[in-house]
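Residue numbering begins at 1 within each chain, and the chains themselves are lettered A, B and C in the order written.
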C-alpha cells in the first residue's frame, strides 16, 4: 500500500546506512507533485515487483541514499494498479476533482462489465463466449491501442504557406491523442446520457475497432497518406 | 465438531470453496447452509419482490448475474428458529433488525419473506417506509383524509401498496376464509358488505385511489381479526420502521406546513398493525439509519434510531444484530462473484478487498464493481 | 647599568632586591678560579638563590577524621551553609555538558547556595520530638483507624507551607486551601444528594466519593479557608431546599429511568394479561403498583430495560436486553457467530 517515502526501503537497508538519514522517515509531507520537488529528486519505486528487482540487482543501496519524491495517493502497490487507468482518470479530472473523475471512470468500467456479461450470457457457443473480453481494464487498453495514431500532421511554414506535413509521433503524444479523442467523443453526448455510460460505449466501440474515435484516427492516417508529397518539407 | 473444524480449516486454505447450496427452501435450511447462496425462483421473485423488497443495487446485480441468489446468514436463521419455536397463541412477537449501513437488513427481510411465503403466512410487507414519507420527487400527491380529521392521505402510495399486497398474497386471497367482517360504506353508491371476500376490498382500493388509505386501514383491521380468530397466520415485515418516528417528513401540505409522520394515515395504520395486541402473527421490522438521514451520528443501535416513542411502542422486542461478513461468508461471496464473472484476477486481491471494504457486504459489492 | 626591581608578590617572603650590575661578574665562586671565568650576563645562578615560598601543610579535612558512629547533631547543630570539609559525603552537584562529570563538593558554589537540611536528620528530629513530648497530649486511643478518623473528622482541610528562595519569603502558593469531604458522611436524602451533585459538578469524584473544593481567590490563607467553609455550607443548605417549580417535574424530565413509572412496564403488564387471556384495562396507579414477580423472568427484563436507559445504549446493554426478552417470550437463545 501507499507508504510514506522510504519506509519500505529503509527497512531493508544495512544498519550503517540507516544512520545517514535519521529525520526523513519520520516526517510526512503532503506535497502535491511534481512541482514542489527539485529536479534531482527521483521518482518513487512503489510496486512490490520493482522493489524486488532492485533488491536482487543490489541497486537498492545506490537509490537509498538519493532523495526521492513521495508517491501520490494513486500510486499504490495494489493488485489493481494500472498506470493507464490513472492517466485516464487524470485526463477526465477537472479543477482537481479527482474523486469525481475516479468515480466516473469506475462507473464506466462497471457499465462495460455489465454489457459484456450480458453479451456473454447471450452468446451460445463457447467460441463466441471466449471471444468476449470481460475485464474492463483490458478493454480500455485495447481501445486506447486501437485509437493511437501512428503519424501526426505537423504544420510547417514554407514560403508563406503553412503545409500540413505528416511526421513521426512519439509514444507519449500518441497516447495523449488517443485519450484526448476518446474523451472528446464522450463529451459530445446527449444531455440525458451520463458520462460513464457514453464513455463505456465509446471504449467498447474503440476496442472493437469501430466507432467515432477509430474513425478519427483512420481519417488522420488518410490525410497523412494524402499529404505524403510534402513529407520532405521536414528537412528542407 | 472435529469434521467441522477440518472443513473450516480446508476452507481457509483452499479457495475452491463451495458457495452454493441446492437447498432453496428456507424452511429446510439449517446451520449446514450457513454462508452459502441459494437461488430464488424467478417467478417467485417477481411475485414476492415485484413492487419492492430487494434493494435497488441488488436488483441491478441480479439482472447482471441472471439469477437472484440470497446468502443464508446468521440473523435470518436465528429468526427462523425463533419463529419455529414460538407459540402462535401468544401475542405477536416483534423482531427488530439493526446493524451498520449495508450489512444486509433488507436482504434478511427478503429471505424471511420467502420463508413466510413457503410456510403459508399472509404477508403484509412495507418495502421501504421512506418511499412514503421522504421520497418527494416533484410533487407528492397528498389529500386531506376524509374519514379522519387533520390527517394527510397518500392515495397513490396506498394504491401501489395494495397492488403489492395483492401480488404477494394472490394464492391466499383466493381461499374462501378471507372475508370482511363488517360493512364498509365508501360513498352513496359504493359499499362493501360484510362477508365479501377480502380481495374485493383490495381491488376496490386499487381501482378507487381516493379511498385507498381507508381501504388500507380496513385491511389492517380485518387482518388482525382474521389472525385473532385463527383463520390465518400473518407475517408483517417493515423495512425502515424508524422512519415512522422521525420528527419530520419531507411532505408539505398545500399550505406549506410540514407534516409529521403521525399525521399521515398510512403511519397510523402500520403502527396499529405492529401493536402486540393480536395473536397468530410474527413481525419483523428493521431500524435503518438510512431512514433517518438527517442524523449524522453513525449510531445504528435500535433504541437511538427508534426514538423514545418507537421504543415504547415496540417494547418488548427482540433486537437482532445484522453484522458484517465473517471470513467464511466473505470467501463464499468472493467465490460467487468469481463464478458470476463479476471479479477476476489473482487471489491476493481478496485480502486487499477484505481490508478496503472491511467485510461490509455493500461496500464489497461497490468496490468490486469497477474491477 | 640596568636596574631590576623585583615586584613584591603577596604571600611570599621576598625582600626587595636591587641588584646593581657591574661590568664584570663578581666572582662568587672562588673555587673555580683556575678555570676560565665564564661571562655571566644573564645571572642565572643568582636567580637560583631566590627564596621559595614555604608551603604550609593544609591539615586534613575534619570529614576524614569523623567516625561513623558519631553524633551528627553535635557536628551540625543548626542551619548552616554547606561546608565541604565538614560534610563527610561524596556529593556532586551541577549541570555539565554531556560526557563531563558534575563538579565535586569542594568549592561548589551551587551546593553552598542551596538550603540544606543537614541539621534536621532523623535522629536529631527524634531527639527534638522527645524533648517536645512532655508538652504534648496523647493521640486519642479511639482514633486508631482510618474509618474512625473519617467518622469523627470527616472534613479534611489541606494547606501547604513553602520554603521560598527569592527577595520575599512569602510563597503565593501558600494561600491555597483545599477542603475534602466524603459525600456519604453528609447524610443527604435522594433529592438533596442529586441537587448537591448538580451544584458541585466536576468537584465530585465518583470513584472515591469525595467532594474537593479548592480556594485560591483570596490573598490570605485564612480568607480562603473561610471561603471554602462557606462554599460547603451553602451547597449543603441549598441541596435541602426544594423550590416550587421542582414539583412540576415530569417523567420525561427525569434524569434517570424509573421502570415502574414508564411505558415499558405497561407494555409488559398488558402483554402478560394478553397471554393469560385477561382483558382488563388498568389505571395508571394500578400499573405502577403491579407486582412483576408474578411474570416469569419479569425482574430480569426490568433490570435489562433500566440498564438500557440508565447506562446508555451499547452492544453490552442491548445483548442483555436481548437475552432478557428472549427468556421472557420463551424463545431459544441467540447463538454466537463463529
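What we mean here is this: contacts are C-beta pairs under 8 Å (C-beta built on N, C-alpha and C of every residue); 3 or more make two chains touch, one makes a residue touch a chain.
Remember, predicted model here, so these are calculated numbers, not experimental data.
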Q. Central chain, going by Cα centroids?
A. B
Q: With chain centres defined as mean CA positions, report which chain is farthest from subunit A.
A: C
Q.
Roughly how far is subunit B from subunit C, centre to centre by C-alpha average, rounded to an integer in Å?
A. 62
Q. With chain centres defined as C-alpha means, what is the inter-centre distance between subunit A and subunit B in Å?
A. 45
**Q.** Partner subunit B, residues of subunit A touching it in the complex
**A.** 78-80, 105-107, 109-110, 113-114, 117-118, 120-121, 134-136
Q) Residues of subunit B touching subunit A in their complex? A) 60, 64-66, 340-342, 344-346, 348-349, 352, 369-371
Q: Under the touch definition given earlier, write down the residues of subunit C that touch subunit B in their complex.
A: 262-264, 267-268, 270-271, 274-275, 301, 305, 308, 313-314, 318, 321-322, 325-326, 328-332, 334-335, 337-338
(Q) Applying the document's contact rule, which stretches of subunit B touch subunit C when the two form their complex? (A) 74, 78, 81-82, 85-87, 90-91, 93, 276-277, 279, 301-304, 312, 315-321, 323, 326, 328
